[in-house]
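Next up: the structures, one after another.
Both complexes below contain chain A, partnered by chain B and then by chain C.
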Partner chain A sequence: MAEIGFIPKDRLRDFLETVNKTIPVYVPCCEGDVVLFRRYAVDNVLCLDRPAHTPPKTIIFPQSECLFTFRFEKDPHDPKKTTIQLAEPEEPSEAIIFAARPCDAKGFTIYDRVYIDTDMPDPYYKKRREKTTIVTMVCPSPSPGCFCTAVGGSPANREGADVMMTELENGYVLESLTEKGKALLLYQYVEDGQAFREAAEAKQLEVKNLVHAPFQKEGVYNISKTIFNSDEFWETEIDKCISCGACTYLCPTCYCFNITDEHAITRGERLRNWDACMFFHFTLEASGHNPRPTKYQRFKNRVGHKFLYYPEKYDGVIACCGCGRCIRHCPVSVDIREIVAHLQSSTSDVSNTSEKEKKGD
Partner chain B sequence: MNLEGLREIVSQVLPDVHVFIGYAQGFDPLHATPLFVRTPEDINKLIWNPLCVHNLTTYLPFQKKKVGIVVKGCDSRTIIQFMQEGLIDREKIVIVGLPCRGVISVTKVLKAINYEQINSLTCEGETSVTVITSHGEHRFSIEDVAPDKCKTCQYPTPLVYDYLADDPITSDKPPDAVYKDIHEFEQKPLEERWEYWKKELDRCIRCYACRNACPLCVCQDSCIAETRDPHWITQKLTIQEKFMFHMIHSLHLAGRCVECGECERVCPMGIPVSTMKKKINAEIKKLFNYVPGTQPGEKPPMYIFNVEEKNIEEHKL
Partner chain C sequence: MYQTPVRRKRKVIKNPYLPELVTITKIIDETPNIKSYQVIFNDPERMKNFSFQPGQVGQLSVFGVGESTFVINSPPTRMEYLQFSVMKAGEVTSAIHELYVGDQIGLRAPLGNWFPYEMMKGKKILFIGGGIGLAPLRTLILFMLDNRDDYGDITIIYGARTPPDLCYKKDLKEWESRSDIELILTVDNEYPGWDKRIGFVPTVLNEVAPSPDNTVAITCGPPIMIKFVLEGLAKLKFQDDHIITTLERRMKCGIGICGRCNIGTKYVCKDGPVFSLAQLKELPPE
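This part shows the complex of A and B:
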């Protein structure tokens, strides 16, 4: 049975302030016209009414992360002899992600299958994930381009969250969903929320019908492999893509990374950075060969990874949470919903458009 | 805003080109999206209104076959710059010019409607838009929600075209206003400007949308920001690396940037990156009295070397 707490609106900052004294709290804040997750501070402007531009993924899976540092040392008596010293980075601290959207939290469950629930868990991700408490907020209204209901989510989805928060007129109802979540409800300023349970449930039900689903989840399984594997399809479908990394870097479910050694003379560090399948260097091999030299092949990978390969590997789970960031923030408004819908249409559509497109270049 | 005229021109041009690049309605009432017209049916999807914000010429250097394209006045400067730099074959491009009185800034409209959910949007000719949201109706004059570049636009009519879809327009904006914002910003103390850029660039996520949307960023897959060999810039996400990338981007555009503002428009983090490029252009104007993308016959100043430069004194010291 979930435990229920309540924070009156005028106590929210007091609550965050108190928690932040013991555990770093990350909250969505306005910076100019942009909303970002920032460490809580008295002077930051909270923004809970629209989703953040960036998902909170960077708190658990940083864009750039030091795996270890290294240092070469020469033996002063025999300079030919070199030893290497390795040092691990500091242990990550506990953290609280506050007021993420349910789609953001679902994103972490996509990573968990790959980075934790395997024979070879990723220690860096695992540590942060275990030390982070995620508080989601029931999505009050859809944003341009969002489609969580089409990929198995909903504005009140509970997956991946430790506490789910529902905004009512006078305050926030907090339901703990895990042990970590229960601990958060013990902080000062959290009142008993039993009296608000029904109102919160009603709100959750209400918002569920607000998001438009461009395709039914079952439809995703009808992706035609003939269309998917046709070069012509991709060459006409994403002509307009400019091959930047905005969609991938803003995506709560993209988890590809690259590792580089960044060093100068005798010391350096091994870094893990996000990578994006939109970039030419993504699959560039040391030999100079690139199996995906064009943006078409790379975009195919992006869609394929989310809607075909991942579901095939993980019991039909789609590796997309429907947050709509890749659509909203795309420089040229590429719409992944439209592409997935086209992948389900009849093969005759493809041959029509491809006739003129058959190019020898 | 002569949409019928435009569609008619495109019908004439289409049989002669591999593809025609124009605009279509995007995923919601506020967004247009680039459209690659291949069939006569596609022509009906073409739109032309203040939502058509993109500079489509960014696709031109990659087209190997003959293509048609629509350009606004600002976009047309890119084509001239491409011609000067030998980046396109003019013979293989059919240009349809669109005289333009200004476009909208999606960011400004969203802010003005307080991020309410948009139900519909209507453009009243070229001068205003009405947005119906979940909370009511908002009406804006284009001037109020236009990107800054439109407010000082000197070239509302394309400078190069094969067809013109409407009557030409003359700019009523004073030419000395173009770099007013830059000069004002420069008046601020160095410390303040430094703090400003640190704060702004801190948001950069190195997604390179600014670079890829920029029609004149032509290094493409060999960009210094990503090459592993040589490894010029580390992949670390520090403010130094972000600065480095944006400075290089700006310097590579010295005397080449046509100020279309795409770098800033596409930035998902809302960083005013075009300010840096405008600053360099203001210097180029001062030193060489040169405005990029306006004189097809001239060579860009960074492409030539003169022993005696009229406005550069340093070497005489």
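This part shows the complex of A and C:
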């Protein structure tokens, strides 16, 4: 069963300091007006009262990472011959993500099905995921644009977390959910938290009701395929989109990437970089043919992937964690909640396809 | 509740992104902008153990430039080397065209699915190809010729813009001389010295009007050709599950993760590139 620890508020920095000495700890920090996950340091300003602007996905899935390096070597005996040496990067080190939001942690579970739970797992993601301990903090208050409850989450959701942290008046209650989580509770400054179990549970219940679901209707989630496949719908709906890609880069569940080579003279590396389905070049082929040449087709694919394709593949799970970042940070105020609501608004003229029906056929 | 799958039994996993090194043993000029490359693994053991199915693809790496996807167009019944045909179009293909015999490149293979050749046994086979689209068909044609008794009559309709743009001229010559293959060649416009058909592939298909009885049609070519060939086959009353095509998409990871080659739920790199028309009709229109 879960073990429960408690860290008094005035001991939190001591705790982080201690852990950070052995394992890098990433915490949400204020940098001007922006909250970002940074490696813990004595002088950074912790910010636990609102969600970070960027999700912590970069700690497990870096924006740019080396897949392998290559080196060309000339044959000393035959100058015409060149051989190539490939080398994989070093193993990633352990890490702790501290005070992620439940939606952020859920984002990793969306990755897991694609990156780990497959016949050809992604070794880079898998290793980092296994070596990272995620401490999620029960969301004290929802932010504008939050809609986790509409996509199967909640401000106290435990999916993807190793430790669940609940803030009380005088300190933080830490509940370990996995072996990795248990190990974290063994550090100095974590006191026994049994006495606070009830208070934490009450708090978790309380916050669950704070986020209202903008589109789940009576727990049923239906998307009209007729509307979804209508070009007109998408053309009108995202007319204002400027294909900047901010929604994808800030999304805890967006996992698309590109692979490119960088090299100079005799050595170089193959890199994996975040990419985004919002970009024209994402699907552009060398021949000039592009299967998704317009922004509405690209947006349709993004929404389709999260709310139709992914659920169809993975038992109805929606590939969106409802963090609301794409809504808060969209420069032209595209709101995915509205789009999904519109996709299921008309019920009379369409053959609604719930995930259960789909599986049946 | 969904449990993160990190606590699964650990096994050593091969890094699917790490290419294996191969050496170019032969380069064939097919057309003014298409070259075929025969490669062997640097590791002789790997060459012996390597196996694949007709229609599967590989990612060729020019280190420092990048990777691109090509079908293995030599058949699994002839494993002295693996052959890839490369049309000069973008950065990687241009870099491949600069290579010489003896150069080393990277290969990740085999990837993707393959032609349902078991289902084709005992049936008549109709191949319809355009330009470099003959590459995936070539694998299957040679595979069938090496297992000739398993298949019925073979008809090949193949076209290109001009006669010099026809790929695999050596193969075409051989197929033309065989009595167990009907080869129909066409080019888009009249050309000095060309005495065969003239017209686009879909038009020629309509003219030839092959019977759909007990026949499987397999087609590959430029997207616009495939579109009209599929329509033509439907008009000829071919069944949807007896029409097979291979699709092309921009691909990167090759293992169904990176997100760019999907049509709805299907990833062309992993779930494809081979699809029947019946399967394509289940996917969202794109």
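For the reader, a short list of remarks on this structure follows.
FYI, the second predicted complex is superposed on the first by the 341 of 361 C-alpha atoms of A that agree within 3 Å, B and C clash if a C-alpha of one lies under 4 Å from a C-alpha of the other, contacts with A are read in each partner's own complex, and residues count from 1 in each chain.
Methods note: contacts are C-beta pairs under 8 Å (C-beta built on N, C-alpha and C of every residue); 3 or more make two chains touch, one makes a residue touch a chain.
Computed from a predicted structure; not experimentally measured.
When both complexes are superposed on chain A, chain B and chain C sit side by side without a clash. Of the two partner chains, neither chain B nor chain C is touched by A:344. Contacts of A:72 after superposition on the shared chain: chain C is touched, whereas chain B is not. Greater residue coverage of chain A by touch, when chain B is weighed against chain C, goes to C.
When the two structures are aligned on the shared chain, A:32 is found in touch with chain B, with no touch to chain C. In the superposed model, A:312 lies in contact with chain C only, and not with chain B.
Using the contact criterion defined above for the overlaid structures, shared-chain residue A:260 touches chain B and also reaches chain C. Contacts of A:294 after superposition: neither chain B nor chain C is touched.
When the shared chain is aligned, chain C comes close enough to touch A:116, but chain B does not.
Of all Cα pairs linking chain B with chain C in the superposition, the shortest spans 6 Å.
Residues 258, 260, 284 of chain A lie in contact with chain B in one complex and with chain C in the other.
Only residues 18-19, 26-28, 30-36, 38-39, 54, 58-59, 64-65, 107, 110-111, 115, 117-118, 134, 203, 205-209, 211-213, 220-221, 226-228, 231, 234-237, 262, 265-266, 268-270 of chain B touch chain A when the two sit together in their complex. Residues 31-34, 36, 49-50, 53-54, 62-64, 141-145, 236, 239-240, 242-246, 248-250, 258, 260, 262, 271, 273, 276, 279-281, 284, 327, 329, 331-335, 337-338, 353, 356-357, 359, 361 of chain A are the ones touching chain B in the complex. Within the complex formed with chain A, the residues of chain C that make contact are 1-2, 4-8, 13, 15-19, 21, 61, 63-68, 89-93, 102-104, 106, 222-223, 248-250, 252-253, 255-265, 284-286. Interface residues of chain A facing chain C in the complex, by the touch rule stated above, are 67-68, 70, 72, 80-84, 86, 88, 108-109, 112-118, 120-124, 126, 129-130, 158-160, 178-179, 228-229, 255-261, 263, 268, 270, 272, 275, 277, 282-287, 289, 291-292, 297, 301, 304-305, 308-309, 312-313, 317.
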